[in-house]
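Data first, discussion second: the structure below is written as structure tokens.
Residue numbering begins at 1 within each chain, and the chains themselves are lettered A, B, C and D in the order written.
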Amino acid sequence: MKTAIAPLRIGVVGLGRLGKRHAENLAYRVPGAALVAACSPLEDELCWARDALPEPRLYRDYAELLADAGVDAVWLVTPSSLHAQQIVDALRAGKHVFCEKPLSLDLAECERVLAEAARYPHLQATIGFMRRFDPSYKDAFDRIAAGQIGRPFLVRSQTTDKNDTDGFFVRFAASSGGIFLDCTVHDIDVARWLLGKPRATRVFAAGAVALHDGLREFGDVDNGVAICEFEGGKLAMFYASRTQAHGNDTHSEVIGTAGALTIGRNPRANRVEIYDASGIRNECTPNFFERFEEAFLHEARTFVAAVQSGAAAQAGATLADALEATRIGVALRQSLQSGQAVTL
Amino acid sequence: MKTAIAPLRIGVVGLGRLGKRHAENLAYRVPGAALVAACSPLEDELCWARDALPEPRLYRDYAELLADAGVDAVWLVTPSSLHAQQIVDALRAGKHVFCEKPLSLDLAECERVLAEAARYPHLQATIGFMRRFDPSYKDAFDRIAAGQIGRPFLVRSQTTDKNDTDGFFVRFAASSGGIFLDCTVHDIDVARWLLGKPRATRVFAAGAVALHDGLREFGDVDNGVAICEFEGGKLAMFYASRTQAHGNDTHSEVIGTAGALTIGRNPRANRVEIYDASGIRNECTPNFFERFEEAFLHEARTFVAAVQSGAAAQAGATLADALEATRIGVALRQSLQSGQAVTL
Amino acid sequence: MKTAIAPLRIGVVGLGRLGKRHAENLAYRVPGAALVAACSPLEDELCWARDALPEPRLYRDYAELLADAGVDAVWLVTPSSLHAQQIVDALRAGKHVFCEKPLSLDLAECERVLAEAARYPHLQATIGFMRRFDPSYKDAFDRIAAGQIGRPFLVRSQTTDKNDTDGFFVRFAASSGGIFLDCTVHDIDVARWLLGKPRATRVFAAGAVALHDGLREFGDVDNGVAICEFEGGKLAMFYASRTQAHGNDTHSEVIGTAGALTIGRNPRANRVEIYDASGIRNECTPNFFERFEEAFLHEARTFVAAVQSGAAAQAGATLADALEATRIGVALRQSLQSGQAVTL
Amino acid sequence: MKTAIAPLRIGVVGLGRLGKRHAENLAYRVPGAALVAACSPLEDELCWARDALPEPRLYRDYAELLADAGVDAVWLVTPSSLHAQQIVDALRAGKHVFCEKPLSLDLAECERVLAEAARYPHLQATIGFMRRFDPSYKDAFDRIAAGQIGRPFLVRSQTTDKNDTDGFFVRFAASSGGIFLDCTVHDIDVARWLLGKPRATRVFAAGAVALHDGLREFGDVDNGVAICEFEGGKLAMFYASRTQAHGNDTHSEVIGTAGALTIGRNPRANRVEIYDASGIRNECTPNFFERFEEAFLHEARTFVAAVQSGAAAQAGATLADALEATRIGVALRQSLQSGQAVTL
């Protein structure tokens, strides 16, 4: 645990619901990390930082944070539309970057960031596909790598949220990129990761508006299904939903020539089972925060360890991974809208 | 399925709820069986037999049934207090006998029947511990016999009923023999069967009245727990309950030196799982009829096949097994009442 | 159980593995049925019938069976390519018809049968989609009908077989119609049935050859995935596989606006769980015979009861249902081969 | 998270396997805690502390640690036989004390510590029954408190370890106190905690030596079963084992008048399920470290928070709880040896 080398000095940017979680992890639970700065344009978020974090330097302006020579790395938990430019700016300022997904909803933007990052090979730049760090997903990955299911050729993966009667995501629909770029992008990354990063060749998507008619004006749906074909005869099936009754049910399955693995098929909230007149039941993880609490923590620890050891390979999803996820997500959206298969 | 030999001509005695089930099985679902007669002192039961069964000869009196030369075997589903004498009478009349459990609540009566039966070795006499014929219990038995769990040394087994607010079993308490002789007797037979029929050496029991105060006057409880020691360092733990919220939850576990098996640990009603705001759940088997429907059928088929093949060994629990179950059950009741361990 | 009306006299046609099962059910386990005739061109199958069935009249030739005035209904368990004409012939001979799926792999043939059947409205004609009679599928159907999951809008369903290293289905590939018409046709029927029989509007399919390269020359795959869009914004996702390691894993899920149901998600062989050094496990149903044993029985009982009561509506999948299943299956095969979505 | 008050300065005593876990938690994962000192008589443990912990002051001698005025609390992870005197010494030195279970295997010793502790009401003294801090056990406790299962009256609880072929616990048998005082003591505390701390009135225990004959000379067993009666008609059943094949299987069940809860009934290692030729399985938690990793952390956080807030009530099991656990454990051992029920 203890290390002779100096702690990685981190500035967190964006202190919304998820930003706060990241900030607390970095401040208190990541060996080798020092959360030295926080940035937000919102006064109440800065107030929270003042109270909850160990005396970070506070900035309203991202440029000021980047100018802080006492910051080694920035941790971006900002609106998606800002990610690309903020990453570029951070790299130019000589900072390592962790950025929440997605890299960008725009393919050209993604490519621009990759081109820029290529100029800073000594800097770590990682996109936060946290599922890779969930202990169960990681266990599945390791089993596959050990050959336990033979050659994996099919992934089925889903991201489904408990229905939010408040309809936050409807108001968010204009900028979310649609259900496939917002939710399925995680499943796309999981499928590529578990299948050995094959190149996608063709996709088809369809959807339904089950409950939230307000999505129609954005061409979006609250339930989406998709098939993705990869080179080498590999396949993925995706399901995304905003309308589940039982909770956040994020699970995946990978099928190989000699066996299969499921990860999280029953999204149990914990180890309790309840026996009553309705039968035997378990409650479910209410949201992705609860489900992936450990994953966020391992993700941060891995990033910090990777920077400190110089081993970029182990830090999580690369910018190139994020570009591919966006590329497939964009194709899914296009297929949903056209009703046709889209060749990549 | 088809057999050249003549069908076994059976007379069913007692047409209550369970008797009707047995009668329908024997009439329609047991190859080699012909249900030719039915006996009940109750007019409505005989009416039911006339409507639902394939033209059986009907008797109000058991002696008349026994005098029917066209009956090869009797199937006793009568009150427990009648079992012993009815078995003796049947054997003396030259009939094979299947009798629902228990053989008798009285040890001396049990022994009297065994002595009498010894005079008729060519006649089949079986007590209906149907759990031995449940496909899952049978699968567990076969796995143990094949050595899959090493040497079995501990059985945990329970018989727990959904709470009956009507309190039938309270009114029945005077003659039921108490919770251990009424319910646990099945678990005792399961434990002996799965552990290789070791001799019981000592028992201890305790109990609680959770909901049904009316039991107190009979020295009975609605929840009972017990430990049974067998020779050779084998053990059993029992639980019986009349007050479960979720259904009939009859399950068993057998632990060996190299592994363990559970049978029916989640008493699923079927293969459906329900996802809703309360989580993910399955409903449970409401009662032992539903749970052991298949077992009752296999039990009847096995009895008939055993008589026809002359292979008595395969017909289910013997009178000696039933005697042992009663002996242990009586000791448990004695322990409950005395608060002391009872040595057998 | 007992009925005053005369038994339905049935002739079974085809006594292969599945035919034998049907024959035994009809002979011994279906109240109101009398298996009076059996037809097969194979001597050993007729020998089996002679030994195992209750003295049926035996025919080598289907026309002779149809000429038997003592036969009220025929039960076709013959090669798929014969189904259409055999149904027509049976109807013309005045017999009720139960026919195993599929009606035909050829749409024109399906339509020809429907046109012919329209001339015999008094005759029952049912295609054997047995899943509708599985108690768990039936329970799910009833829950949906009772509104327990709100409005159902998405079905996910799969038919996956344990890998057959013998490769029977490869040799069968020339006539099977491909994986979607052979396997997924069941899931198509399930989806239509659970979603309220909506009209399919568009499909997309993809596939992989995981293990059986011999399928390539037939344009077939051993793993197929598909999406089906229905009118009214309803959706289905299908998966079919010939290469599972753990057993026959046939399960379905239906998602509604207020909840979801899964049917058979873990294809448990029985109620036993095994605890050993590899963890805690259950074995799985090895094949569809084991999984749907009860369904085949209920299917036969329902057919017989429907004929006897004249209530055609309750006898299972109609010819029109079978036509739709074939229509969608043909479109899936076309999509697999073209790589394009197919509009219906 | 952040608090204005000074951190609690802790000295850990004993750096074996479990001591190291506690030390790392206190050093890096407990807000408000500062691990300032470590004590061990073993050079290699002190070396580990030097490398792995944040510059603690190191002591070979417990008295020296107690003399360190910069230590507010001691954390005892030492051999059981030392606990009682070390707690007394700590209290006399004015330190708060956290001590791993058991308080003592000797009842008189337990009582001596309680008497002494009564003189220092301002000092926190807690025994480490960590199960109370496991999120699932805590959830069950909260549900019971909320009345979700009516009145709880029966707890079934087990502590079973994966078989250790190395036989560590056999060598440890002379000082462990036997299986009930070593393992079941946790279940005793769970039962008392979930049932509302009723007074135990009578116990009965039995056991078997399944694999480790070396235990016989100590009068110990490798599998033990027990029943405990409490006042008010409450009951507990316990099972302890050293010989499980599948892993550490620590689980509990509490049954009430309106429902029941199980906690950890399937000791899943994580959320992965494996599908292969052996069926569908999950691996199990290999040992109590893995199973209760989170519990140890919450336990430490709660202790620190309790000291800092002065709210002793929330700090976990009291010395009085520990005394009761030992009292019942001693009675169980006595019952095992005598074959008689023991009245308390």
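Note that in this section a residue touches a chain if its C-beta (ideal position, glycine included) is under 8 Å from a C-beta of that chain, and two chains touch if they have at least 3 such contacts.
Here the structure is a predicted model, which is why all the values come from computation and not from measurement.
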Maximum centroid distance from chain A, chain identifier (CA atoms): B
Higher-contact pair (C-beta pairs counted), A-B versus B-D: B-D
Chain A and chain B: spacing of chain centres that average the CA atoms, whole Å: 57
Whole-Å gap between the CA centroids of chain B and chain D: 42
Residue list for chain D, restricted to those that touch at least two other chains: 149, 244-246, 258-260, 265, 269, 274-277
Chain A residues touching chain C - in the complex, by the definition given at the top: 149, 151, 153-154, 156, 202, 204, 206-211, 223, 225-227, 229, 233-235, 237, 239, 241, 243-246, 255, 257-260, 265, 339-341, 343
For the chain B and chain A complex, residues of the former touching the latter: 244-247, 249, 266-267, 269, 274-284
Chain C residues within the chain B interface of the complex: 1-2, 24, 27-29, 31, 51-54, 134-136, 139-140, 143, 148-149, 258-265, 268-277
